[in-house]
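Two complexes follow with subunit A in common, the first pairing it with subunit B and the second with subunit C.
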Partner chain A sequence: MTLKNLATPKNIIGIIAIIAFVVIVPQVVQGFAMTIINVALLFAIISYGVSIMLGMGGQLSFAAVTFMGFGAYFIANMSTGRLGFVIPTFLALLLTPIVFAGVAFLIGLVLLKLKGTYFTFSTIALVQVAFTYFNNFQPLFGGPDGISGIPTLTIGSYSFGNDLTAWFYLICVFVIIGGIIVERIRRSQLGRSLASIRDNETAALTLGVNTYLTKVIAFSIAGAFAAFAGALWVMHGRFVGAEMFNFLNATQFIIMAMIGGVNSTVGIVIGALLVRGLPEFFRGFQGYMNLFWGVSIILLMVFMPTGLAGIKDVIVDKFRQFRVKSRKGDDDDATNTKA
Partner chain B sequence: MQPILRLEGVNKSFGGVTAAKDVSFSVPPGEVQGLIGPNGAGKSTLMNIISGIYTPDSGKVFLEEKDITKVAAYTRARMGIGRTFQTPRFMQRSSIRDNLLLGTDLADQIGYLKGFFGKKGKPFDEELEELMEVAKFTFRWTDKIDSLPFGQRKLLEIVRSMLGHPKVMLVDEPAAGLNHKEIEHAMDLLNMAAKQRGIGVLLIEHSMDMIMDMCSNIVVINFGEVIGQGSPEEVSSNKAVIDAYLGGDLDD
Partner chain C sequence: MSLQLFSTLFINGLAMGVVYAMLAMGLILLIRAVGILNFAQGEMFMFGAYISAALILDFHLPFFAMIPVAMISFIIVGLIFMFTIYWPLRKASYAATTIIATMGAAIVLRELAVLIWGAMPRSMPPLMQTPEGGAAILNIGGTPLPWQFVLIIIVGAALMLLIYLLFEKLYIGKLMQAACQNSYAANLIGIPTILTIAATYSIVSILVSVGGYMVSPIFTVNNTLGTMQLQAFAGVVIGGFGNIKGAIIGSLLVGLIEVFSTINFSAYRDVSVFLVLIVVLLLRPQGLFGEKIADKA
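Here is the complex of A and B:
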């Protein structure tokens, strides 16, 4: 892709919007609200994985929350010295996506032997089993008390500590890098192969797509995203407990992606900010939040399957239909004269 | 000439239905070979067996005399077996361009990692323009697949298959649902595939005009069994074939 291709009005507006977001948010937000935004952005990185699996490949997996847990506990074990050794936080952070891409690949090889709904159920089983271990297996996961006193991220001599604004910038960098990776996948052979699996697995096979391996690769990438975000999340919050990784929270990432639009990278970030942010504005209605999301998802699936990002498409489509209608007369004439 | 594709004693049944019974025939390169028979005779089943979607109960499939009976469908595609479907199958939500790129991906075989890091295959614009010219295709590449009329989609599926540079092309009823012009374009494309590119084309078609016009050799099946085989003249004077079509006029 050349620079000229990138300089479309749409891209320029997008880049300005991103810069504005990164610059303005720290000016107007502090304290607890900043924590919420940081966590929301970390969750957006996890939802990128949902975009690759569900949006591109049509595979519904709930496993993201478990891989987030893997990443978080990995850092907790590597950096606190509770296993008898310590790895520098930055090195541990860089290792996380590599290690758990591998782990996800192996798990994916097993789970993706199943297809469609059966695969989805197997990921739910994975979430439940992992949760039980997180909650009970003392040596690695600290049991019901979790693991606290996790050191913050240190790069060289710079320590992020409790500086929420510094964390915000760092997380934004990873949200943007993650977004670029997702967009590149979408436009490369892997993205097309996934889309062909989503729309017609038989046709995909006859076009030379190794459907099984391709799904395993997507699962592995999604696992790496989730583990990496989990690693950042635990160094940001300094504590990890099992409740975060239960099934209810597993649905969150699907909801974020669906509200924003599973195939829209920017939409996912907006979806994550909404899903994490709205409940804080309506603190008095906490108990109704799950009901609210449940109903929203049903309404979205029925009326707007492509999420918030779909509003734009709907408008563009209406406009195009109008244009095609007004052009149709000419086309018919053209075929008549040829015949 | 050595056949490019060969079936040897292929059997397949679904429950009580025999869809293929001891089927043997071969497809030479550079020719359009007809495969005809009444509805439900087992034509599409044979295509699914050749492309690896179905496994035969017994019998063998050879590509360039190599036994591929146990080879996975996606590997067969990479080895050079291309096909279209009776109802076209596309990525409905993607653009024409992306759908066609799936065809070139197959020919290029770059791999996901190199593709991710920006390695490009051969530029496909030139080849595509050549094919689009033959197909008399007038749509923009950025249009969504589902905005295309049915006939154009069927033509596009042939184009996609040709972009994959197959050795054998299995084409399932390309003329069904097409208007006169489009049928001509489909025939041009298939003739180009066979004559210019040396692809062995196996053509299933109910339109006898098209079969008689294009095929040097025709295989006729009924209830899963080969009941006749030969040149158009031989086949249309074959008694078993005429009976199978209930005396219907084959030249029609």
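Here is the complex of A and C:
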């Protein structure tokens, strides 16, 4: 991809929108709302992993929440001195994705021997087992009380502390880097192999794609994303408890990705902001908010199965059907919705 | 372990196993009929408990008047569920959309229950009561067995047997199976597939909601009852996907494993169930009793 290819009108608008978002938000938003936006952006990084597994590879995995937990507890143990030693927070943060890409690779080697729905069930089992340990195993995970007093991120002599705006900029940097990585993967051999597995695994196998290894690599990339975001999350919130990592929250990341559009990097960020932001924004109607939320998930799946990012395709599709009713059937090019 | 403790735990585990089996059987029936993995199964179960609690505690219906009213409301819930979650999505091209929609339905049911009946857990009277109103205990040879557990096993087993016979032996069940296996061909020979699917949803709703009603005296009626569906998922996979007998046996195993592992490590009882699940998946992905079938859901 050369520079010339990058300078399309669409990309330029996108870049301007991103810059506007990064510049305007800290001016307008302060305090608690800033915390919500920061957490939402961190969760967008986790949903990138969902995008790689579900959007590219067609594998429904609930494991993201568990790897987020691994990352969070890793930082909590490394930087509070619970185990008798302390690693500088910045070094620990850099170690997290590397360590847990490895861990996810090993777990993936085991779980991805299973296919389709069986794999999904095995990730549910992983989430349950990990949650039980997070909630009960005192020495590593602090048991039901969780671990508090986690030091904040310090780079060199600069400490992020409770400066939410500084955190916002830092998280934005990682969201953008993560987005670039995801887009790069989508266009790489790995991305195309994953897409072939999603569309037809048998055909991919006959074409010489090592489907098993490809899926394991995707799983470990997704795990690294989730662990890294978990590490940032725990240094941002300074506390980690097991409640965050139960099965209900595991579904949240899938919903984020699906609402935004599972194959759209920007859509995922928007989806994450909506999922985390709307319930807080409408706190006044608290009782009804979750209900409204569930209903809108269903409606969205019925009317826009490709998420908000697919809204253009849906409208274009409807328009085209309206215009040429007779030529139905050859409008299957624009969308990548087949799974 | 004394024989007395063993038999108490065994009945307890078996009762929980029967509850999971009811959830699991509902899951399998839905997968066979419409190919949808229902993540709102546990919430339907919870909603059944809430409806029966409302009929008993709010409307003070006598037991025999409550049963038909409850059945009708369960059927209505099942039909509403079908026409909102399944029917608009039956032609969805993306398999994950229907799964996400059932997750949305789970949120809706959970929140509706809280909105209608409040967030406080409601305690239900046990089916068999002592004269003072406590839970009655069945005494067999010096072994105390809570009646509620025994009743769960009897009612659950009877209900599942009835549904099994309906699907496997009766003419209408054959129609339903035909509609499941090839809905296009079934339509051609004049089977109204929409009716068979609606019947399946109603039956599943009744099965699952009765399960919710039966466990409610033990766990109280609250909106976390739905998490039991995870054990049912485990049971389905351990027993074999798409196979009713296997799913029931798998769920009974899950119930027994769960209860017996509380003896040694009560906090980690979920671990034992799900580790067994992972081991079974790795050694025998088709489940203990499953034949090799294509992955449908």
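Following the convention adopted for this analysis, the second predicted complex is superposed on the first by the 300 of 339 C-alpha atoms of A that agree within 3 Å, B and C clash if a C-alpha of one lies under 4 Å from a C-alpha of the other, contacts with A are read in each partner's own complex, and residues count from 1 in each chain.
The working rule: contacts are C-beta pairs under 8 Å (C-beta built on N, C-alpha and C of every residue); 3 or more make two chains touch, one makes a residue touch a chain.
Treat the numbers as computed from the prediction; the structure is a model and nothing was measured.
> Can A:Y158 be said to touch subunit B (first), subunit C (second), both, or neither?
neither
> Touching A:T202 in the superposition: subunit B (first), subunit C (second), both, neither?
first
> After lining up the shared chain so the two structures overlap, which partner does A:F32 touch, if you call subunit B first and subunit C second: first, second, both or neither?
neither
> Examine A:I185 and indicate which partner it touches, taking first as subunit B and second as subunit C; both and neither are also allowed.
The answer is first: A:I185 touches subunit B but not subunit C.
> Looking at the overlay, does A:F282 come into contact with subunit B only (first), subunit C only (second), both, or neither?
A:F282 contacts neither subunit B nor subunit C.
> So in the superposed three-chain picture, is A:Y169 touching just subunit B, just subunit C, both, or none of them (first/second/both/neither)?
neither
> When the two structures are laid over each other on chain A, which of subunit B and subunit C touches more residues of subunit A?
The partner with more contacted residues on subunit A is C.
> Hey, what residues of subunit A end up touching subunit B and subunit C alike?
338-339
> What does subunit A use to touch subunit C in their complex?
Interface residues on the subunit A side: 54, 60, 110-111, 113-118, 121-122, 124-126, 128-129, 131-133, 135-136, 247, 251, 254-255, 258, 262, 287-288, 290-291, 293-298, 301-302, 305-306, 337-339.
> Could you please specify the touching residues of subunit C with respect to subunit A in the complex?
So the residues of subunit C in touch with subunit A come to 37, 39, 84-85, 88-89, 92-101, 103-112, 114-115, 227, 230, 233-234, 236-237, 241, 267-268, 270-271, 273-275, 277-278, 281-282, 285, 295, 297.
> Flag every residue of subunit A that touches subunit B in the complex, lowest number first.
184-185, 188-190, 192-193, 195-196, 198-200, 202-211, 214, 217, 324, 335, 338-339
> Can you list the subunit B residues touching subunit A in their complex?
51-53, 72-75, 77-78, 81-83, 85, 89-94, 98, 101-103, 105-106, 109-112, 115-116, 147, 160, 164, 181
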